[in-house]
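One structure is given here, and the rest of the page talks about it.
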Amino acid sequence: MLRGAVGICGFLLLWECAVQLGAVSAQQLCPPSQVAAAFFTKLADPRPDGATLGAHFIASSSVALGGFLLACLIGLPLGLAMGYYQPVYLLANPIFELLRPIPPIAWIPIVTLLLGIGAQARIFIIFLSAVVPCVINAYTGIRHVPERYIHVGQSLGMSRWRIFTKICIPCALPTLFVGVRLSLNTAWTALVAAEMMASVRGLGYMIQMGRLLIQPDIIITGMLTIGSTGALMSALLSLIEKRLTKWGAER
Amino acid sequence: MSDAKVQVRQLTKGFGELLVLDNLTFDVRPGEFLCVVGPTGCGKTTLLNLLSSWWTPTQGEICIDGRAMDPKTQNLSFVFQESSAFPWLTVEQNVQFGMKEKRFPPELIAQRTREVMGLLDLESVKEKYCHEISASAEQRVVIGRSFALHPDFLLMDEPYAQLDIKFRLHLEDAILALNRSTGSTCLFVTHNIEEAVYLAQRCIVLSNKPTSIKAVRTIDLPYPRDTCSPEFIAIKDEITEMIKWW
Amino acid sequence: MVGDIHVKGLGLSFPQQNGIHEVLRDVDFVIHSKEFLVLFGPGQCGKTVLMEAIAGLLPPTAGSVEDAQGSPLRTQELCMVFQKYALFPWKTCRQNIELPMKFKGVPKQARRKRAADLIHLVGLDGFEHSYPRQLSGGMKQRVAIAAAYAKECPLLLFDEPFGALDAQTRLQMEQELVRIWQQEQKTVVLITNSIDEALLLGDRILVLAGSPSSILEEYDLREFPRPRSLSDRPLLNLRQSILDRGFFENEGGGDLRCE
Amino acid sequence: MNGFSERAAPRRLLRLLPLLSLLAFLSVWHLAALCTDLLATPLDTAKALAGMLFFPTSKVTLLHHVWASLCRVLAAYALAIAAGVLLGVLFGWSRRFHDYCYPIFELLRPIPPIAWIPLIIMWLGIGEPSKIAVCFIGSVVPILVNTYFGVSRLDPTYLKSAKILGAGQRALLTHVILPGALPSILTGMKVALSSGWVCVIAAEMIAARKGLGYLIIRSMESGDMVHILVAMILIGSVNFLFSWLFSKLEGVVCPW
């Protein structure tokens, strides 16, 4: 642990000296001290892009969580059903395979034209990108349930539905959570992209404005906030996962 | 003979033109402990999958108490070689899983759980999950779950093949005790001839592929059997000769 | 040619959160040249650690492993076959067997020829180009044995090589190992937790038990003719006497994992 | 799991379902296009796609854009493989290097590659280098993580066995560590390729003169729906092509 801290301090020190000693022009990169200062000033005053860091943060995370939860609510059951019931798989899979390769950011133009640049549009973009990992991992989770578990269920005379709910879903839970964490990550990335291209609020918009106004400290503050929020959400998610799958430690 | 618990008639299974099981016919008496032994890779697993209604036979039929076998109305249990204990349930929940699915009355479930957990000394690890207990304890959980149902027909596919020799002796006695106390009809499949002779009242010897019944050997030694006694050795050698393929 | 190997006062312990976990304490025995020695004992812990200490993978905390001249045993003079992961799945059988020779810098032609001989010796003709995942458990261990012999070293260590095989294949592989040992005279030390395997294979059996483990008993089986069968009376009596000594009682079922 | 194997569902009907769903999807698309004049019908999109591919109107043909994006991705991808595998092996292999530098990597990793675009544009302008840099960041992370995962998760028995067989440090690396970690390195490379592709499109959408991202943004600004759909289809199919090519490559590179 100690070595890790030493590593990070070294990195920050190196960054500070590089800028102070002029190795890198202050225009392009500002020292960490200035970034810290910008972070605190930005918390309070809305200049230069018309909203405080807090406002951006709330705008971003509310939209991200909205799209993410929607994606889980629709994607997970669909993936589970696709994994277990063949008709559902044959119906849903072709469309899914058709839309899957199109990356989230490619949806931004068409959604912006159709739904404008309001929160709904961004939630829809995030939903589209976050639903893909949910479906894939839910589907894989079910497909990788060991056959002998289902064999046991069948020899106990359990109906297909009970085998699905009492054996397949609990067994697939860990893979499900991998998918959920992946989709949170994708949602967060898609949000930043959407905000950078078509929005008036949010962290993505803030760093985009930072670029236009040549203020590297704003950009870096925005990036660090985005990074730490993403990490925070994932940490929260693994806490929930630990509680739900106490047995999670696979042998 | 009509008093047989399980009747298997002309059981045949082929995949395309590859014939795996060739016309197997045998009976299992109520409460009997029957062993099936055969050379490595002689279709024992195919037989087990058919007997547990996981696969449907190409030809022939399996009846329990005269009626065609049906997992919904009859109690069937299967103990695999690999552990099939559910990792998301604790040891106690695992043992009770079968009974709860068959909607046994609660007090019967409690009584049977105590009985089985006692015999397999799982009391100490009652609240633990599967990854917290040793492989032998986990397999005992599966055996407990199966015997707790007092099944009409219990199939076992070499349940402790992957366990240490020391656990094997301990488990063999536990299984025999459970077979006697619950009176369930057991069919035990194994590669290990000494194990089959130690456990079985009757032993079916299978031939190589396409598998058919080579011989049926009744073993009328008293329990518990001494693996070093001359009669035990004689029977073991006799069966080994029948199977020896190298 | 390294002669007898002396294991003197070998001790080994691992640091743990709550103090030291001592696994071995003053283990003393001699491995005679060209002998088939079996280290027999319960459970997994003590024996594998001892084997790795002899092989030089684990530095002992006390004592030493020396050859006849008193200099410490070097890894070049021995080879080891593990129970699982004995082969590299990304290499074909022939590549696995040629590997030790490649490391020693043996030229390609000589390697190819020696590998062919060894594949024939272990009875795997025709499987040169298949990958380990295409082979059965028994066949994989045959390749591992061939690879060990390819290193051309006087001492071979086997760490429960047939532990993962089914009963019949295990019996077959035990007979194969004895045949190969008799054909290519080398010193062999084998670990097992199966009493039958020890009786069928060993010239001498050393019982390793207790915690910390040490050599509790030595049995000499050289007067039993080979090939041995567990059905003949004298061997059975010996089996019974070893079991009666109750080396395992203090081990107990041990419900928690002993990795 | 073969939960379907023994079901008695009529085979014929099941085979029709995929066709059915595709038809449904196209008809919904068609209907939506008819009622809102914004969306282009599938037919028009197909015609436009064919048109742009085979009889280019503007001097910069569609293939130019695709080619521009592709070059950027592949250049960055090559760099990412070299850096990712090297760092991944270093992290997995030497304890000290891992302890000092891995936390820094962990700190920067949560920042999505797209969030780097503004900073990179400030540093490198909107020319080729900045696109390649963004794409590099997008690709190097998955490769590095998977290589590190592959190396550190390798079963220690392989290393012991190799040492016993007389392998030196260099031989350990080439004969054991790299081949052992290869399957997960390949997974990383597969993810990296599509993630790199996404990054280059994003970078082009923000500031570029050539490339699919630029094309789609220009169509958005001019409200030209057909070209947006065409660009989306192209972006999607290239991504699909990458993953298809990769699964073929995986079969050849590690047959075990």
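Chains: A, B, C and D, in written order; residue numbering restarts at 1 for each.
FYI, a residue touches a chain if its C-beta (ideal position, glycine included) is under 8 Å from a C-beta of that chain, and two chains touch if they have at least 3 such contacts.
Since this is a predicted model, take the numbers as computed values, not measurements.
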item	value
Contact-graph separation of subunit A and subunit D, given in steps at minimum	1
Pair of chains joined by the greatest number of C-beta pairs in contact	A-D
Where subunit A and subunit C are represented by their mean Cα positions, the distance between them in whole Å	51
Centre-of-Cα separation between subunit C and subunit B, whole angstrom	34
Separation of mean Cα positions, subunit D and subunit C [Å, integer]	48
Set of subunit B residues in contact with two or more other chains	54
Interface hub residues of subunit D, defined as touching at least two other chains	none
Interface hub residues of subunit A, defined as touching at least two other chains	146
Touching residues (chain side subunit B, partner subunit A) in the complex	52-54, 70-73, 76-78, 80, 82, 84, 86-89, 98, 101-102, 129-131
Complex interface listing, subunit A residues touching subunit B	146, 148-149, 151-158, 162, 166-167, 170-171, 173, 245-247, 249-251
Subunit D-touching residues of subunit A, taken from the complex the two chains share	3-8, 10-11, 28-29, 84, 86-87, 90-95, 98-99, 101-110, 112-114, 142-147, 150, 160, 168, 188-189, 192-193, 196-197, 204, 207-208, 210-211, 214, 216, 219-220, 222-224, 226-228, 230-231, 234
Contacting residues of subunit C [partner subunit B, same complex]	42-43, 164, 166-169, 172, 175, 193-195, 230-231, 236, 239-240, 248, 251, 253-258
Contact footprint of subunit D on subunit C as seen in their complex	52, 55, 57, 75-76, 78-80, 82, 84-86, 88-91, 99-100, 103-104, 131-133, 147, 151
